[in-house]
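In what follows, a single structure is set out as structure tokens and then discussed.
In order of appearance the chains are A, B and C, and numbering begins at 1 in each one.
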Amino acid sequence: MKLTKLLPAVAVLAALPTLGFAQEEAAPGFDEIGPYIMTTLLFLVGGFLVFWMAAGFAMLEAGLVRSKNVAMQLTKNIALFSIASIMYWLVGFNLMYPGDFNGYFAFNFVPTVLEPVGLAAADASLDYASVASDFFFQLMFVAATASIVSGALAERIKLWPFLIFVVILTGLMYPISGSWQWGGGWLSEMGFSDFAGSTIVHSVGGWAALAGAIVLGARKGKYGPDGKVTPMLGSNLALATLGTFILWLGWFGFNGGSQLAAGTVGDITDVGRIFANTNMAAASGAVAALLLTQIMYGKVDLTMVLNGALAGLVSITAEPLAPSLFGSLLTGAVGGVIVVFTVPLLDKFKIDDVVGAIPVHLFAGIWGTLAVAFYTGNWGAQITGIIAYGVFTFVVALVVWIILKGVMGIRVSEEDEINGLDSSELGMDAYPDFSKG
Amino acid sequence: MKLTKLLPAVAVLAALPTLGFAQEEAAPGFDEIGPYIMTTLLFLVGGFLVFWMAAGFAMLEAGLVRSKNVAMQLTKNIALFSIASIMYWLVGFNLMYPGDFNGYFAFNFVPTVLEPVGLAAADASLDYASVASDFFFQLMFVAATASIVSGALAERIKLWPFLIFVVILTGLMYPISGSWQWGGGWLSEMGFSDFAGSTIVHSVGGWAALAGAIVLGARKGKYGPDGKVTPMLGSNLALATLGTFILWLGWFGFNGGSQLAAGTVGDITDVGRIFANTNMAAASGAVAALLLTQIMYGKVDLTMVLNGALAGLVSITAEPLAPSLFGSLLTGAVGGVIVVFTVPLLDKFKIDDVVGAIPVHLFAGIWGTLAVAFYTGNWGAQITGIIAYGVFTFVVALVVWIILKGVMGIRVSEEDEINGLDSSELGMDAYPDFSKG
Amino acid sequence: MKLTKLLPAVAVLAALPTLGFAQEEAAPGFDEIGPYIMTTLLFLVGGFLVFWMAAGFAMLEAGLVRSKNVAMQLTKNIALFSIASIMYWLVGFNLMYPGDFNGYFAFNFVPTVLEPVGLAAADASLDYASVASDFFFQLMFVAATASIVSGALAERIKLWPFLIFVVILTGLMYPISGSWQWGGGWLSEMGFSDFAGSTIVHSVGGWAALAGAIVLGARKGKYGPDGKVTPMLGSNLALATLGTFILWLGWFGFNGGSQLAAGTVGDITDVGRIFANTNMAAASGAVAALLLTQIMYGKVDLTMVLNGALAGLVSITAEPLAPSLFGSLLTGAVGGVIVVFTVPLLDKFKIDDVVGAIPVHLFAGIWGTLAVAFYTGNWGAQITGIIAYGVFTFVVALVVWIILKGVMGIRVSEEDEINGLDSSELGMDAYPDFSKG
């Protein structure tokens, strides 16, 4: 613990003999500690960028719901992030990274413990990074998964059943399935590859959302008896665009930090490749949606362009390092195309996904994960991984949603839905000063 | 001064022999300069994150005032940050970090001077960081203090008296009291501990706000003669939530950068601990407010959840390094509880704090500072520090507010208040296209 | 390509022998690779900060247009960034940084190729940074140029001609003129100095905007036959303020990253100077506009304060390193003054610049570039550079705008303009739930 801020004055520095860095005699040099310091820094910078994605999801979703549900959507987003932070500490992190385990399920229900203060270099994992920075970084990923669910199920789900689902998703479901690959489990043994989590993070969120959307049902009035789909317009496209830019920014940390090393020429150069490729995929996803909506509908659709950028990002997430910039452009563009075609497809099946989370995170996530096989050649492992995460997450989520529905109900009353969740569930209004049109 | 951007091509590099880094012969190696570079980088990254908190305060406050006062609140926030930047350069930084001084007040009224361009390693404080980066980082803290005041006094204070108060607060009050601890003054001698400023930054802002709120009085109609409190709802909870996420993000720099060193294994690992602990306290503060408002009022209150997260952050700021994750959870949760109980308490005393800045920054700041004694055992020093900052800031602020009130008036007319400060003080409207409800 | 995330557990680390950093025998030490790693990191952090400016422009512009044009302005901003990303990869980067060339125009139409994955230290430009990080950083600058144009021409330009102009600007115009200086061309030979691009980025955007504004004409009703100017108020000053804060934050990367090196004491200290100076110029630009609008109009004008901060930032961009903090204060303050005086001036000439982009980026950019001569003494080179970029960009832009006007029309119909571009061009509304006043 440091008692005072340092002063630049030399005299005062001399008066503070407790400062560690000046006293370490025969301390290991930068050739030994430099990689540890750089990788820890990568996790901290990458981690705060991925943290920022929580704000991105909140703004995107608040912008894409109707004004009567905005306060609720904001509440869900800040609550889910907070709950994820606690659950991942309580059990998630150690379930997901248990060390040596059976490859399927680690009986390792212990909270995360950080290194002691002022860790000596001799006690550090000099070939990796600090546990605290690793925990901080990984924690942000689980929150992203939960955010995906909140967007799809907006405007009709009750607050508390949703938050209970978040507890289970972030404390158990995501860590357990995550351990199969990133914990060194059976899928990693098989050669499955998912660099930063097109499947492990995004598709998992998408599958959980899909199960929820089916159990929950569509919003009242969304699908007419004659197959007519009534558009329910987002109330604030400026917020939705802001959210998309925030997510785009955060994704540099999401993918770049997943290099998990930054202290060699090769590693930091790879992080640079990842940044450039990630940006390219987002750009091409947006442009693909821009061109396609112009061609198909005669007018550009801004929400499709936003979701196109996000789908490009999800698509490149499974392999942001190996492709060239041109490869990244193609990968992202396919993601953008997928969104434009699958948003109406979901409506055909009367699956009501308020913000387009399932096309963006699930469908583009599957595409991105499959596309890795162009580089690894191991199609079997990729398909196995996609199916494994899909079956596990969808089935467990379905069971959890059905139980929640039976035990406490997951949907607000029809009247509450019409009045909006803000007034019925929270008793407040996000924009009380403005008349609603 | 660098005249051109570098080209990757080797041929061009060879043609630019003025570039310093290739020519330094017998320059000190990374074992000597690495810590300086890393700590300077910590201040720059930490500093831009804390800068970002200025946007967070602006959005939080713009979201929590009524729409007729939004443009004014935005004006105050960008103006106060700009004034703080100038005042801290002009006198603040050197008043606060004077080097050797009497411990109470440094007669050191000189503007900040940075190192020369292209500083040689031999001339640098290799055991610390660049002066410019240190100044940049510390400057951002004083701006946070001023932001706290602007939120509490919103919706009825005149622009110019507020800005004059900011001049005094950021140029004199904060630096002088700050020197007692971070400048190596009498409180640091006594063993007071306030890692990143629960008291020195947040409570100081809270005390100044409290003095202002008392002198200024409550908004018209807020407190009825019968003790009835009329809620005056924030106009844009999406902005308020965005502001909270921005502050949360910036706080990683606020607390993490206050490690003041990043170039050893121990220091960078400690920064990681601080990031993880800071996040945990915010999360538990939010969850505490979420649960408590549900239990107490039967409905979740989003603004309480936002303020709960912020109170968790303020609470952990006095000691974000020593606690375990579980300790951080407890510290933050108490902060969240404090906010839920003290927001109505202020209303009992008819102290009108528009955004809840006093509960969040003053009350949670006191709690966080007290809680440090669980780790240091030095309750006396903690209590002395809390009282010293409270008495000094409250009394000086009270005197300044009373003088400003007498000399120029600090409050707009009743008519102007009803019409809103945007039209009366600025002659503009933040949302001119939208009908007000 | 990395197949799995690392586990902290040592046992698992041992089971992953493919990890590069542990195996590099006789790898070069940090004295050799440290500067490369730090400069690459500078580009990545600086790059994501400048990326963030794209969101800043989007929010600023969305806040300063009327609500009926917000969705269009958002669409343009995300589309222009995406197009710039693709064009700069396709031809821009190699046109701008061609290596050895004639100094005026490089016949180098090849897409950018990044280093191979897992670059060996022996193959890296150890005296610079990774190509990918450099490309990522430089790419963000071209996007800023295009954003400037989009703001000035808002509320009446058609989507597709604007995007075609962006293709030409970001793929050809900006890279070609940029090569004159940053590519080591004739202006750099002459001693022209423009550290981070007051002219090369900001004035170029401003000139292209000016040409467009002239060809396009003013918005209907903006200028009456009697010389009366009708104010057309921005619809959301909270967004505009947010955008300004975002740009301010991003500017630390813009200017700081342009040091192009961070791995020596001199370089990282210089980056710190740049951060402090950049902040000071923004602050003084804002305060200058605050005081001046109070004096001139009797009321503070928030949009002028925002533009004052931005003009301060543009002004310091040509030389953010050499000035003292006081010099930066003066430079920025002049920028703020310029904005307050030239916004009405443009109206005199009936040049309709919706967001004030031409005063902020062109006029303050000229001032900042001129001011460099106070440090270099080379007035001739500064004036030559200003004129060269002005003539080239303005003439080429004028020709392109005239051709676009002739071929496809660049302006929406009067009826569409009155109804708003959101409904006419996009068929959607940014704020559908809210009644328009």
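Basically, contacts are C-beta pairs under 8 Å (C-beta built on N, C-alpha and C of every residue); 3 or more make two chains touch, one makes a residue touch a chain.
Since this is a predicted model, take the numbers as computed values, not measurements.
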Rotation angle (°) superposing Cα atoms of subunit A on subunit C, nearest 5: 120
Same vs different contact residues, subunit A with subunit B, by half of numbers used: different
Distance from subunit B to subunit A - Cα centre to Cα centre, in angstrom: 29
Interface hub residues of subunit B, defined as touching at least two other chains: 29-31, 34, 41, 45, 131, 236, 242, 431, 434-435
In the complex, subunit B residues that touch subunit A: 29-31, 34-35, 38, 41, 45, 49, 66-68, 97-100, 125, 127-128, 131, 134, 138, 181-184, 188, 191-193, 195, 233-238, 241-242, 244-246, 248-249, 252, 256, 258-273, 275-276, 279-280, 282-284, 286-287, 290, 299-303, 305-306, 309, 319, 321-322, 324-326, 329, 375-376, 431, 434-437
Subunit A to subunit B touching residues, read off their complex: 1-13, 15, 19-22, 24, 27-31, 33-34, 36-37, 40-41, 43-45, 47-48, 51-52, 54-55, 58-59, 62-63, 70-71, 74-75, 77-79, 81-83, 85-86, 89, 111-115, 117-121, 124, 126, 129-133, 135-136, 139, 159, 236, 239, 242, 425-436
